[in-house]
Amino acid sequence: MALTREQLAMRVSRELQDGYYVNLGIGIPTLVANYVPEGMDVMFQSENGLLGMGQFPTEDEVDADMINAGKQTVTTVTGASIFSSAESFAMIRGGHVDLTVLGAFEVDVNGNIASWMIPKKLIKGMGGAMDLVAGADNIIVTMMHASKHGDSKLLPECSLPLTGAGCIKKVVTDLAYVEIGEGKFWLKERAPGVSVDEIVEKTAGELVVPDVVPEMEF
Amino acid sequence: MALTREQLAMRVSRELQDGYYVNLGIGIPTLVANYVPEGMDVMFQSENGLLGMGQFPTEDEVDADMINAGKQTVTTVTGASIFSSAESFAMIRGGHVDLTVLGAFEVDVNGNIASWMIPKKLIKGMGGAMDLVAGADNIIVTMMHASKHGDSKLLPECSLPLTGAGCIKKVVTDLAYVEIGEGKFWLKERAPGVSVDEIVEKTAGELVVPDVVPEMEF
Amino acid sequence: MSGFNKVVDSYDEALVGLKDNMTIIAGGFGLCGIPEGSIAQIKKMGTTGLTIVSNNCGVDGFGLGILLEDKQVKKMVSSYVGENALFEQQLLAGELEVELTPQGTLAEKMRAGGAGLPAFYTATGYGTPVGEGKEVREFNGRQYIMEESIVGDFAVVKGWKADRYGNVIYRNTAQNFNPMAATAGKITVVEVEEIVEPGELDPNHIHTPGIYVDRIIQGTFEKRIEQRTVRTA
Amino acid sequence: MSGFNKVVDSYDEALVGLKDNMTIIAGGFGLCGIPEGSIAQIKKMGTTGLTIVSNNCGVDGFGLGILLEDKQVKKMVSSYVGENALFEQQLLAGELEVELTPQGTLAEKMRAGGAGLPAFYTATGYGTPVGEGKEVREFNGRQYIMEESIVGDFAVVKGWKADRYGNVIYRNTAQNFNPMAATAGKITVVEVEEIVEPGELDPNHIHTPGIYVDRIIQGTFEKRIEQRTVRTA
């Protein structure tokens, strides 16, 4: 069975470590905040200028001056700090964020990522995504392995305009956990009940398959 | 009579305007703070990170954490702000300081200034001087017109390593007030009792002398 | 004397000097921390041909979006736009130009503009459409592109509190792009919720020192929320 | 868990990992806001071949000057040095190298290093010995030189108060180079006068967010004054 959105987030959450500063993109990445392992402390960075983002506010706590990068009302945790966009991207670009999780349309064997622009559709902009992929050493892309029509999103070469070049090393899809290196995809784990054959079939870029591909456990 | 240090500072102070942010270099420039015209409000910037520098502290007010760029203990005035060195030089480099006053060894007809380095003597460094001359549109150099041996310090071309190139437009010396433009010095005022001949004699760079050279009044 | 009293009493006065075809740098992220009063004044003035540098362009009927209604905007420099139908319509009709700029690069372009740095190198956008036509340079084995800084004829900024010297503090994430915008305008206008007495702001904790600020005005703010997300207590 | 408890109990622990020939970025201006405890620890460790990036190099017997006594410093990157006889002596003897860097450029090199910007253009130093051998480029009719950013193996910083998350505030002009230094160290050590309870520092007014800080230590400080100037009350 392909992973659910929640399972995708759960699998990503296993990459968290105690004391990590983490930036979560919009969509599935946001769900990762719900699966921080018990007893582990991580701090979420929101690129509009907040380190130490907390949960949504109660009705009484709602504050128009306290939002996240998705423009949602949020709260802060103890130890939070608030700063300008320049400072926020100094953190991001300077590699101070330990982990960045974001979605994508496509990734390829060279670690390129396309996530912001589909030609001929309305282009709304890249927001902070290009800075995030350029600044982080440790990025996890969460995405569907293939389109609804079965077209692979793990490609020999991205077909869409890039968000960043050569910056992605880890991908969690609904079917598998894949690493990128030496111009290849490396199959590391498969979703429970998903066959290696299905993953191979839905991976257009060169995929290295080990003898044993462990199944993710939830 | 050549101007005293105090008169030099007084002459410079006439360039102040109400609401000016001013950076004063070490030495004679510092004295300008004593001659702010009655009823005029100016704010002094100290490049170590203070806007709104006040007078020296009383014994009781002395605070090791409150110094100016000359490393002297100081106080703040109402409306002051304190910030990092990066912010301080953002102000300076970005042209936000209205007037900078500093000393020099030499200036030349092209607005070059040498003020920090005498080869074969120990070189201590330029501190913030290069940033100040590069950042300010409005700079007044205060200096002696000539050395004790009578050698002019207003030259066709600076002989010492530069602090900045083509950045000086106004010079107040102990003998005269001179402007720089079109590759020439322009004599504008003379010190009380100082003859135009003496100024001409002690100015090595091309000097344009008008028919009438008003005498400074104190 | 009044040299440092930067308080003005009306938005008419606050935006004096704004002319057609000028470049305006605006603070704000989404609808958070936006200079509502200055935007309304620009609409009232009817100034056209404007280039606006702002992370976003508001929504239909609110924020910078209202400047689209009378086609006052020639060009937007933003990281994310199109939250409103009018924007899309004018873009597709070729009536509006947009220069999409990565959010961190945009923030840094404003900061560099205010700080007298004409250009910088960043890895952001290398190998993407953003890097096309820009100088590429290698440092320590990695590729970077050169980005030039931005200065505006005007900067319009939203603060929380200010004193008459123009010292400003921001509140929570309404800070966002405002401090950089404040440094990058030839004329910087800051609207705040409260003007406080001189000396009331701690000199150690001023976000925008008065030297960057030309005009201060006390305004009232709707502070519309774009995504009201709540939890049950 | 202790993921964000950055407090260490000794300077031994604070400087663990410091090795010969490393680059250290130090905060401070003159003797104001200098990391006295870390400097003493570096002297105690006897680490040599150090490159130290700091606006100044202390005085004889105090501040960074004490690291000259056992010739621990190979190179200083500073805007103003030579306030001590030992410095001059080692410089003239060729035992010490100095890279004089304009003060604003030095501050910006640290900031850019911490912010992931490998280089920037500045007018500062153009046409002077500082510009020699550096790329010159024209923007809007003016000449600028390219300056590269600096990153240190360690940054040693002096704050006023911090919490265990590593959030730091500075006091008065002891701020100076400290916030930039804090961003530019692979390992950043901040010594403070007081460690406060989590939540005590206002999130809106933190000078150095904890993300930049690896180790926090509470110290005691002599805070020597270089130029004690007073007026009679």
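Each chain carries a letter (A, B, C and D) given by its place in the written order, and its residues are counted from 1.
Criterion: a residue touches a chain if its C-beta (ideal position, glycine included) is under 8 Å from a C-beta of that chain, and two chains touch if they have at least 3 such contacts.
No experiment lies behind these values; they were computed from the predicted model shown.
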item	value
Chain B and chain A - chains in contact with each	C, D
Chains in simultaneous contact with chain C and chain D	A, B
Identity of the chain that, by mean CA position, is farthest from chain A	B
Computed distance of Cα centres, chain C from chain B, in Å	35
Whole-Å gap separating chain A and chain C, where each centre is the average of the chain's CA atoms	29
Overlap residues in chain C, where contacts from two or more other chains coincide	108, 111, 115-117, 122-123, 171-172, 175, 203-204
Chain B, residues touching no fewer than two other chains	82-83, 89, 92-93, 134-135
Each pair of chains that touches, named by its two labels	A-C, A-D, B-C, B-D, C-D
Residue ranges of chain A in contact with chain C within the complex	46-50, 55-60, 62-74, 82-86, 88-89, 92-93, 112, 117, 122-131, 134-135, 161-166
Of all residues in chain D, those that touch chain C in their complex	108, 112, 115-123, 137, 139-140, 142, 144, 148, 169-172, 175, 202-205
Contact set on chain D toward chain B in their complex	29-33, 55, 78-83, 88, 91-92, 100, 102-108, 110-111, 122-130, 143, 160, 171-180, 207, 223-233
For the chain B and chain C complex, residues of the former touching the latter	17-21, 39-43, 45, 51-52, 76, 78-83, 87, 89-97, 134-135
List of chain D residues in touch with chain A within their complex	1-4, 111, 113-117, 163-165, 167, 183, 198-199, 203-204, 206, 209-212
